[in-house]
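Right after this note come the structures.
You will see chain A twice below: alongside chain B first, and alongside chain C after that.
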Partner chain A sequence: MTDVRAPEAGPSPAAGQDDRQAAPAGTGRPAGRAYGIADWLKWGWRQLTSMRIALVLLFLLALGTVPGSMLPQEGADPAGVQQYYTSHPALAPLLNHLGLFNVFAAPWFAAIYLLLFASLVGCVVPRTFRLAGSARTLPPRAPRHLTRLPHSAEYGTALPPDQAVEVAAAVLSGHGFRLRRCDAPADGWVSAEKGYLREVGNLLFHLALLGVLVSVALGGLFGYKTDRLLVQGDTFADTASALDEIHLGRLATDADLAPFTITLNHFSASYITSGSQRGQPLSYDAQISYTAHPGGPARTDNLEVNHPLSVDAAKVYLIGHGYAPVFRVTDARGQVVYDAPTPFIAASSGSSGNLLSEGVVKVPDAQPDQLGFSGVFVPTAIDVGGTLESAFPAADYPAVSLIAYAGNLGMDSGPPQSVYALDTAGMRRLTADPQSLLPGQSLKLPGGQGTITFTGYVPWVSLAITHDPGQVPALACGIAALGGLLLSFMVRRRRVFVRARPGGPGSTVQVGGLARTDASGGFEAEFASLAAELRSAHDRAVHAQHEEE
Partner chain B sequence: MFRTKRRTVALVAAVSTGALLLVVLLAGWATSGSRSVADIDGNPNAVLYAVGHRPTAPGFTATTLTGSRLSLSSYRGRVVVLNFWGSWCVPCREEAPALAVAAQQYQPAGVAFVGVDVRDTTASAEAFVRSFGITYPSVTDASSQITLDFTAVVPIAGTPTTLVIDRTGHIAGAVFGTVTYEELTTILNRVDGKAAAG
Partner chain C sequence: MPVNLALGHVSNDFLIAAIVIYSLSVVAFAGDFAFGRPRRAETTVRVRQARARAAALATVGAASAAAGGGGSPPVTSPADEALGRVASGPAAGDSMPELAVPALRAIGQAGPWIRTAMTLAAVAVAAHLTAVITRGLAVHRAPWGNMYEFVTALTCVAAIFFLFVMIRYRAWALGVFVMGAVVITLGLAETVIYTAAGQLVPALQSYWLDIHVTAMTLATGIFFVAAVLGVVYLVEDRYARRVAAGRAAPGNGIMSRLPSIEQLDRLTYRTIVFGFPVWTFGVIAGAIWADQAWGRYWGWDPVETWAFITWVLYAAFLHARATAGFRGRRAHYIQLLGFASLMFNILVVQVFITGLHSYAGVS
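Entry: the complex of A and B
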């Protein structure tokens, strides 16, 4: 990478020197004059577009992403940020002030990003002009003494010098060299140059790097990521009020959400049943039906891990699953006030908890008192010293354990609540110990407050819906950058000269070769084979002449 | 001559970079649209749409909480208050008493009230309706399909949302978030002269 920009490091050293020489001559001012603002700006621009600063910026950009992966981020893990605040009350506000909980939106990150962008543009644009210029410039004239070049060969041929040069030119041209012929045939030389692709590759690399930056910016500005928990049998339309979490890019709005509708028809999971891996998931399969837009045809699909659904530029990923026990609650007046599957969330991530899940049931319209339950669902229940534990993640022997509350849920005014948390500040506990229920069993609440029945369970899945318009361009640019890098490493800029002077029966042919950049070596072999080919071409030409005679 | 050319190139590069940065920065706050809508009492989430700029309300036919079918189109010729709510939603519970009172006052004058019960279950929704003494019908929108259709014409960002639809089926006013009695009556009084009979 260091090598790529080094040969002609932007406008900085070369152009700088030119300017310094030009200024006194052009303006007539003394060389030792004080620097004005314009000079400082020019100096700053040169520094910015220098290879060294670009590398420093690239390094800083990489360094800047480190806190993004070490600390919880607002966008991806708001709960983690809250947790960090409670566990590090002194440090967290400071980190927040530095934008470390939202690194990719922090001003300092944007500054690095934009400076790197400017640096790359400042480097690429002048280079492009220079490449265009060099592509139009002819190779230099052949030096007088080719044997002094790093690679050279000399041999005699029966052809006269002008014919020998003609034959050599044909061979070199056949190898894709650009030629420069001598002005008068009597001079007897031809210059050839090849390897412009090196600079093309170099430029491609820089442009592609710019493209990657632009693509990432596109994704950040116009992309979005949303989440939705979907219970089996339920349908949701992809609109803001139907989503659980929405993270929009800077320039994205709710209106950019793709207007599809998804129904979870069936979800199944299979697990390893024996051995040390027991309980590890084998496969998930979410059978869905969907319409891409309102009124569109209904289609079906199977969502699996790493097999997202592509719909209308958005991708729908299956990112989690769990159980939603179904509860029916009757209040003190005998009215059914709740009858719904209630998603419970796995208490520990991974498979260690065997999907022991926690959740709450809120019944704000129970009369006369509001009712609330906090509970645990276990798919395969075992009793470990009086507490309910899960032995296996599949629902082989499901059970719930509930603690009941009555009073004020705090839902009739105040801030919005999480559906997974119960605010028990205004409630009194109705049951001293958690009460376990099997499917079909009911718990009668003390004091005639009502009844809760655990009627069954259904699975749920959590879906992540993402749209990243920069993803494909970023990939394409990444591939182009790699291609450009390979080109610039593998292609050598090299020149070959051929001179023919009268000598012996015809002429003496001198071949000289020069590789301008030969970091990886290999020109020696190419030159040797080229020289041999020139020689045999000359021999063939002599034979052909003899046969004609 | 070569030197001047090189300097021009550097200048072009610098200027184009600067222009690019400017575009990126400007794009950040170039998002405000035209003003054919007016805020109510300085609340940017409560708006009145000017006649001629009223979005057409999408139609729907859906099942009510009590199991009958309800079509929005059957209300054509009447002013309709369409309230998106859910029994689980704290601001919906907060605004429910105001809606119940407004319905009692304006229904006799011909204003229709219709609820759209979002992401809810029938048992919970019926319990809510009983708790707050809601007398008007609500259709179930567990899948948010109706909400999605309306989101195409007005920026519904969440529940609750209250829309007032005029006699020609156009949305005359909207409150995104908790609606107050004052906001609702302000919109109703300005939909047209005849609706303000409460």
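Entry: the complex of A and C
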């Protein structure tokens, strides 16, 4: 320790001890005899909890996350992973083997952060004990030559040394310093230390990081995330069978889903209508009604982007929208075999496609042949060289374009089909060219196979329903980490020593100061004003004595 | 509310004016290097005067050895070495003795080049700030809603922060580097990623977004200054090592004008100590916004991933300062790597790698 330089300052309880964990690398190895397992373990643990290894692990953590942003990830972008497989058929399996398509769940990534947090625990827990200890032990003795400290001052006073020290001690304790007095009165000094909160802040920061990790794990184990596409006018209950997609945490089950029902009453979107940003969305508004429990009271709410609905520990988010054209299909017998809105999905993300949407209509009940249609919906139709394009995302001039098929939809056999794709293997195409329809118009299928009528459209929204029990703890830990950081940066741990020796008419006073940490600066100014205050306190004490006499 | 186009033009004009005036101030800062009086010698004289005065007044020799000139070796015991602590010994002492002189007088004493440069820099900062504010008034929201606005705002933060640092620590000699970097960045923003004043998509309309991007803008501006200081540090460090190895002549005119290597190190550290909590706060605010907009507070979206990498690298810098063998040059490499990851996030990830952050507004 810097301040333990004077020979008289023998190994006091505080001397030679530091609250910073810092097993120096390479010195912990037992020398001169064969190493036992225990020795190796001890050595390894010492290494792991050293600052150097912590630094290396931090580096590895930064490095390890890089592929997670450069390669498509299974969680966020499964389609991107598929595409990568097609474009790099040789490389992709290798990358997959290394877990690079799912970095944040890969064992090697877990190894990095678990080692880092093991190191953190090994570092922080001993520090906590030492902090508790240092709150009880006294500051070290004053070094002999205070002028050698980074900050020092010297002046004479008429007070005898013991009184000078007494006055200085009063000033320092008035500033909240913890004091240590000299053991023998002839040896006039006082040591003072302040700023223990800085260590508290540092510990709080590191422990809070650990808390963030635990919170994230909590969410991963007990949380869930589900998706549901909801057409305007429809209702759904939050049960496993009614949801489109469910991602349950490892320890969560279907029974954890919150038992609410939601109806989409009305959805509206507004867009910028002119200028270079024409077509860019301005606002979305989904008016819903919901009941939190079966049989509970119905409530209404406006779901907007950035304004999720909280219901029964779950949150419901508006994350997408689109159009569901309504078709009525009659088959060869003249029976109405289909009459429903059919959600179509925007072909390109963002506002570039102006919500030109694609979808399919499957009519398994049509007789004698099953019917299928693949089509495009455009909210504001324009004709660009014979193909239908969308000029604006609002449904100002909607139109659909359809290709009709008849035959076997293949829904009875094989793996389950997507509702957004038509398996045309068992079907024959009825129309050579795509046929465009405006609302109210019908297409008569050739060969008397039936009729399809485009009767109108309704909007749909896609909802994400999530539950994350780690969310609030994570936020609390994040705030605690920030608070600890600020504490650690703004509080400086500092020591001030005062020594008075006989000299001149009374004594010579030396003041020395040392900032053990001073991240944001300012100890110099503090020391200067403290030294000035000590001096004037001594002057005042001298005056007071004169007046008494 | 529709965009006020006239005000948008006013903002652009102010920004152009700011770029021009910044450039002139850089010329003046450079002029000081070329024609100004050498400063270190002068500093030492002033140190001595200040010390004499302090001794006479109060015998409180607050600043013992001269900070600029080096002198006795730092008080660092072997134990300290092992514990990874830099003792604030005399050479590394906190004292920047010129602080005894009030800021304005110090500028006055620094010579005509510095006076001119500082005046120009202050005027440019005012114009720059006006440009940012009028842009905000034109679009009726916080004026950092796309990449162009973000870069404009972060350079404004950097310039203001650095003006403060220059005045607080009398670090004029660094003006040519920081203001030079500001000019180059602004010039690139104006030519490469200019985006007309416009409105935002719904996901970006959130006050948490405003808070998040404000914090990120502030922190980026501060890290920007730290990065420039770090580069100057490395140049000076390299020069010092070359001198020590006998491969360069000591007494290089430019080097002698720069703050000492210890001062630079400390200045960089304090700058990052200031920026790191702001960045941390920005990441937390971003997580809150992500939770509201997308239903998860953290999803390893590419932009989030890179913000995390940046955070880890700056944390590594703070660690490195307390790790034996990593102080000094290596620590600065780490913080520059952190800044590189920050720039990569802004310039590459947000523009070319698709994610949920449809922020850039650059097409």
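Operating definition for what follows: the second predicted complex is superposed on the first by the 439 of 549 C-alpha atoms of A that agree within 3 Å, B and C clash if a C-alpha of one lies under 4 Å from a C-alpha of the other, contacts with A are read in each partner's own complex, and residues count from 1 in each chain.
We adopt the following convention: a residue touches a chain if its C-beta (ideal position, glycine included) is under 8 Å from a C-beta of that chain, and two chains touch if they have at least 3 such contacts.
Just so it is clear, the model here is predicted, and its values are computed rather than measured.
Residue by residue along chain A, chain B and chain C are tallied for touches, and C comes out ahead.
In the superposition on chain A, A:283 makes contact with chain C only, while chain B stays out of contact range.
Of the two partner chains placed by the overlay, only chain C lies in contact with A:51; chain B stays clear of it.
Contact with neither chain B nor chain C is seen for A:399 once the two complexes are overlaid on the shared chain. Touch criterion not met for A:169: it reaches neither chain B nor chain C. Within the superposed three-chain model, A:535 lies in touch with chain C and out of touch with chain B [touch as defined at top].
In the superposition on chain A, no contact is made by A:452 with either chain B or chain C. Counting contacts as defined above, chain A residues 18, 22 meet chain B in one complex and chain C in the other.
Taken in their complex, chain A has these residues touching chain B: 11, 15, 18-19, 22, 45, 49, 114, 117-118, 121-122, 125-126, 129-130, 217, 221, 234-242, 250-251, 253-255, 259, 261, 263, 294, 328, 331, 335-340, 362-367, 411-417, 419. Within the complex formed with chain A, the chain C residues making contact are 58-64, 75-77, 79-80, 82-85, 87-90, 93-95, 196, 198-199, 201-203, 205-206, 208, 266, 269-270, 273-274, 276-277, 280-281, 284, 287-289, 291-302, 305-306, 308-309, 312-313, 315-316, 319-320, 322-326, 341, 349, 353, 355, 358. Interface residues of chain A, counted against chain C in their complex, comprise 1-2, 4-5, 16, 18, 20, 22, 24, 27, 51-52, 54-55, 58-59, 61-62, 65-66, 68-70, 73, 75-76, 103-104, 147-155, 216, 225, 272, 275-277, 280-284, 304-308, 315, 317, 319, 350-351, 464, 466, 468, 471, 474-475, 478-479, 481-482, 485-486, 489, 514-516, 518-521, 523-524, 527-528, 531-532, 535. For chain B in complex with chain A, the touching residues are 3, 6-7, 9-10, 12-14, 16-17, 20-21, 24, 27-28, 31, 84, 87-91, 93-94, 118-119, 121-124, 127-128, 130-131, 142-145, 147-149, 151-152, 155-159, 161.
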